[in-house]
Amino acid sequence: MIKAGIFGATGYTGFELAQILQRHPQADIVFATSQSNAGQSLAEVYPTAPDVKLVLGENAPLDEVDVVFLCLPHAAAANTAVTALQANGHVIDLSADFRIKDVAVYEKWYGVTHPAPELLETAVYGLTEFARKELPGAKLVANPGCYPTSVLLALQPILAAGLPITGPIIADSKSGVSGAGRAPKQNTHFVEVANNFSPYNIGRKHRHLPEMEQGIASFSQNVGAPPLIFSPHLLPVPRGILSTIYVSLGGQSNEADIRSLYEETYANEPFVHVLPAGQLASLGHVNHTNRCVMALTLADNTLILTSAIDNLIKGAAGQAVQNMNVVFELEETQGLIS
Amino acid sequence: MIKAGIFGATGYTGFELAQILQRHPQADIVFATSQSNAGQSLAEVYPTAPDVKLVLGENAPLDEVDVVFLCLPHAAAANTAVTALQANGHVIDLSADFRIKDVAVYEKWYGVTHPAPELLETAVYGLTEFARKELPGAKLVANPGCYPTSVLLALQPILAAGLPITGPIIADSKSGVSGAGRAPKQNTHFVEVANNFSPYNIGRKHRHLPEMEQGIASFSQNVGAPPLIFSPHLLPVPRGILSTIYVSLGGQSNEADIRSLYEETYANEPFVHVLPAGQLASLGHVNHTNRCVMALTLADNTLILTSAIDNLIKGAAGQAVQNMNVVFELEETQGLIS
Amino acid sequence: MIKAGIFGATGYTGFELAQILQRHPQADIVFATSQSNAGQSLAEVYPTAPDVKLVLGENAPLDEVDVVFLCLPHAAAANTAVTALQANGHVIDLSADFRIKDVAVYEKWYGVTHPAPELLETAVYGLTEFARKELPGAKLVANPGCYPTSVLLALQPILAAGLPITGPIIADSKSGVSGAGRAPKQNTHFVEVANNFSPYNIGRKHRHLPEMEQGIASFSQNVGAPPLIFSPHLLPVPRGILSTIYVSLGGQSNEADIRSLYEETYANEPFVHVLPAGQLASLGHVNHTNRCVMALTLADNTLILTSAIDNLIKGAAGQAVQNMNVVFELEETQGLIS
Amino acid sequence: MIKAGIFGATGYTGFELAQILQRHPQADIVFATSQSNAGQSLAEVYPTAPDVKLVLGENAPLDEVDVVFLCLPHAAAANTAVTALQANGHVIDLSADFRIKDVAVYEKWYGVTHPAPELLETAVYGLTEFARKELPGAKLVANPGCYPTSVLLALQPILAAGLPITGPIIADSKSGVSGAGRAPKQNTHFVEVANNFSPYNIGRKHRHLPEMEQGIASFSQNVGAPPLIFSPHLLPVPRGILSTIYVSLGGQSNEADIRSLYEETYANEPFVHVLPAGQLASLGHVNHTNRCVMALTLADNTLILTSAIDNLIKGAAGQAVQNMNVVFELEETQGLIS
């Protein structure tokens, strides 16, 4: 059994992670931390959560676990990672701290001095499907952001194929409210969200932009990486992300050929589903699962990708457990719904 | 034109009131106050609100208005009422401060010393349909609570008829989230409310209980007033209250006779609608209107009343304007949807 | 491995059942039927469903299964039960056909001639917690209705204790829309349901009333069974039932004593949770689990019970699997979330 | 007073129109038709509707009205228009029948032979803000589609300015469920829509595409009209459309200059609001009003427009009344919320 600790268990991601680990046949939760609810059980915070005692982060018994999951704000996560690595555990960090390789880019977008830049080089960017070589045995995994997971999985095949792309890629993404976190704010008040739908930070303003552009560049090694326009929107649903992505293809294209490309790329992937012609991805395909479901359609020379994930699962806690499975060389689907 | 001021314009009730007054053909908004948004326009807080400059409460020009509406927390409202009455205006108070005639009961339930008990005697309890004699010219109107409006309008005919009632009256009420106010809290977070439904303060614990029991007693003068069991629940909708009320009738009863009683009581009321046999009240009958829609059905000897209002309109801002219309002897339906 | 067949797999209950059985470690789905989607896979109807080929009911290979689940309309279910029993399988019927022991009562409320009244005597009413003696090896299980499950589990301890009850029991119940079935109707249209809340069939009109009164009578053997007033309401949520139940106790009562009664009754039950003093049940406690979560509070002499279940799980498919586990003497919690 | 008739009053658009006309100070509803509810009152279908008797379309007293509104399916609308024009009334058609000037394009997209192609030439395309010259006195107005209203109002200033545009314009639109009509279908069932979000007919497949391309061409007279990629999505809300529109500008651009262009175009428009820099349009800006609220932001050379309307009001019934006001030379804002 893998012995796991969760830092930051009372946020939505931490709670989801606790639920997944509780049902995982080869993992046990050894500790869970909370700064505001220490002393209580996680089940007192979320009625359907496992009955795990919450401790302060500083009291977490790091030497009793094989792996820790960090569901902490950025900077706090990196500091905790340092301590946990010293205690010889594996670290799966769900914050942004180790996702961006260029420390200057990180510091510009996140507005803090990176607490542990020396760890960036060894951190594995855990978009699991494209990190299978680096993950087994990895000490530090940077779990991807929710929006980047939905966008990068959809873009990888077309980028890797090296087809000419003209102009920027446009990702018009829509996310459920759990993506905004559990702390009550005016813009997550039920009365403000219900019956509403709102864009925010559109264009080139959202912190997930540099993470996505880094991924786009890594998939486009032999051609110039196109820039990204990214427009997130807040959906009046608790969970789920749907990204509608527009890629202008330079030359003559054929939908069937592109579909083959996608089907081949993901043929053996348990969690990535490419829909047949005529179907489109929706939140109903993915919520409460670790799936990414995608569809493609060609309109003139514009490739339109629709890509759906559950932001709390494949976009956070589920992919973190998928990464744990690969790090520890368990069966990749253990504990997850595919 | 009636010149009106609004204290506390940035809460949900204040915003609703501003919208109603803006469309009222015989009223003008002269000022609106906000402690947190003073200096801004109300339209900066609510995009569809009128463009009214917000001022601090202490800077409100009380001598420029005929009437002020108090959308303030209890105790703060009573203090403002004193000042406004000294400036010679009429006051319509949407807080609980002047609803309960017995100062000891008020102080027990609201946990504060009443700031102006000397005003209680002259305050008119503004359940408009049953306050038509006292309202014209009244200086101080205590606007009823939202739950009490839905419950008392439904109970008045059966109580006034003096039929024997056995055991407690049970009011099982369900309210939209705007009733919990605009300040963000954990229990109004979209993710907590969506897909959920929760009772709270059930039995004899909610502050609206003594207000309702006072109303029940006033309608039951010749018979002993039955006690009330009141169970509020939080609905995953922005607005609306539906109360399902159970009254055990002591003797032999007949649904048609009781229906006649209700139809007669409300025959000339523009805002109270008694549904025909076989229909039941729902939020869809009332939201965005100043209506109270009610229905009755008899099951053995239990009279079941369903009573629906929009909590922000007939349950607050709309009834306040209805009261203003009667105080100033305007046509009662002016500015309101019936 | 238990080999299972599902009749009527494309309704909401059938789909939920397919999901539960797919994850059940000791059960396999051998067939699933659909009259309208035969030839397709269940996954074509519900993207997250298992990939089970749908066949016409008349083509179901009854001799290949140990148990069939009937998610069929009443009367159709009884006819299928007869055939399945002849093929020597066990039958768990989720329709109303075998719930009511008195055939005249059934025929009055359901408006049909009972297709197989001779089976009523042997059918076990599968409110699992109170059917443990009869269930093991049972050939025919009548799975309880959703509302009755939420109401009867909450009432059993107080009824079995024989405390005097005055007047009718009142159950004010609220259900999510999946309870109305998957066939599109005007009253399940998103625009009609969203932002709305509606009572229906209140008083003594809903078909679940006789089922609940039968259960109340069975739990109250030594005292006269009180009549029931039952008021269902439609909640704007996909799933979940919360029943708020009012019981007028004749004598002097004490909340702590009643709580002890409940805690003792359910002390060893994996799926029934009695909340501690001060807490109330909500849909958030139960959705996506097989739980019934209940709370009690005493207001004067009125006992108020709040009882929550997921209508599709403990109120239908989950309890059906719980019953299967007991019939086949598996561990009762297998495949279910407790 | 303008005497008005409504054909097809029981759909969502017809109901909204009846509500607006009822509150319009210079209009009266003389008749309303329904094929399925003839003989009833509109208030029996929608509790908050005016109490208007519903008649069969063939019994509508055309000679008693000044104007008829057609809330009918395509083809049926054109046939009714012919009859109404013969009776000498004005016609405001909310169907697609007279929107597209090229009859071959209409017949290809709508799959029917046009019933009255001879009327196409005189029909005025009633995107009110850009039809002020043709509307006064017009006998036949083709009221724009909901998506085209949100997209064309947002595009007009940039197109009319003649700036070079490279590649296709992309409109990623999201609509509430009332846009799918009132007839119950599987994809409008509450359980299917709640918690979900779905694209449909994306690319170049939706019937509103040719209408929008016609409008784009008309605004771009001196430059080649760019093609359109249009991706509609179904939002889990009853009403409202938000379009996020991407325009690749060929040359060097400046957000402040473009904003000036928009502010000048709409400076005197009561219903079109251009938000200041840093703000984005949302459904909360427009629902229950006749507004179109838009915002613009520049990311590199991509202009991103966000444009919001209430699909039932500015996208249908409200714009129809706005058109009526201009046709009859009333004040344009009469009866409408700006």
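Descriptive notes on the structure:
All chains are identified by letter, namely A, B, C and D, in their written order; residue positions are counted from 1 within each chain.
In the analysis below, a contact is a pair of C-beta atoms (placed from the backbone, for glycine too) under 8 Å apart; a residue touches a chain by one contact, two chains touch by 3 or more.
What you see is a predicted model, and the numbers here were worked out from it, not measured in a lab.
Because chain A and chain D carry the same sequence, their contact can be compared by residue number, and over half of the numbers here are used by both.
Of all chains, the one whose Cα centroid sits at the greatest distance from that of chain C is D.
Here A-B and B-C were compared by C-beta pairs in contact; the pair with more is B-C. For the pair chain A and chain C, the distance between C-alpha centroids works out to 38 Å. Centres computed as Cα averages put chain B at a distance of 39 Å from chain C. Inter-chain centre distance (chain A to chain B, centres taken as mean C-alpha positions): 47 Å.
Residue positions 192, 194-195, 236-239, 282, 284, 287 of chain A each touch two or more of the other chains. By the touch rule above, chain D contacts chain B in their complex via residues 47-48, 194-195, 282, 284-289, 291, 293, 337. Residue ranges of chain A in contact with chain D, taken from their complex: 166-168, 170, 172, 174, 192, 194-200, 202-204, 227, 229, 231, 233, 235-240, 242, 244, 246, 248, 280-284, 287, 297-300, 302, 304, 306. Those residues of chain D lying in contact with chain C across their complex are 12, 177-178, 182, 184-186, 188-195, 236-239.
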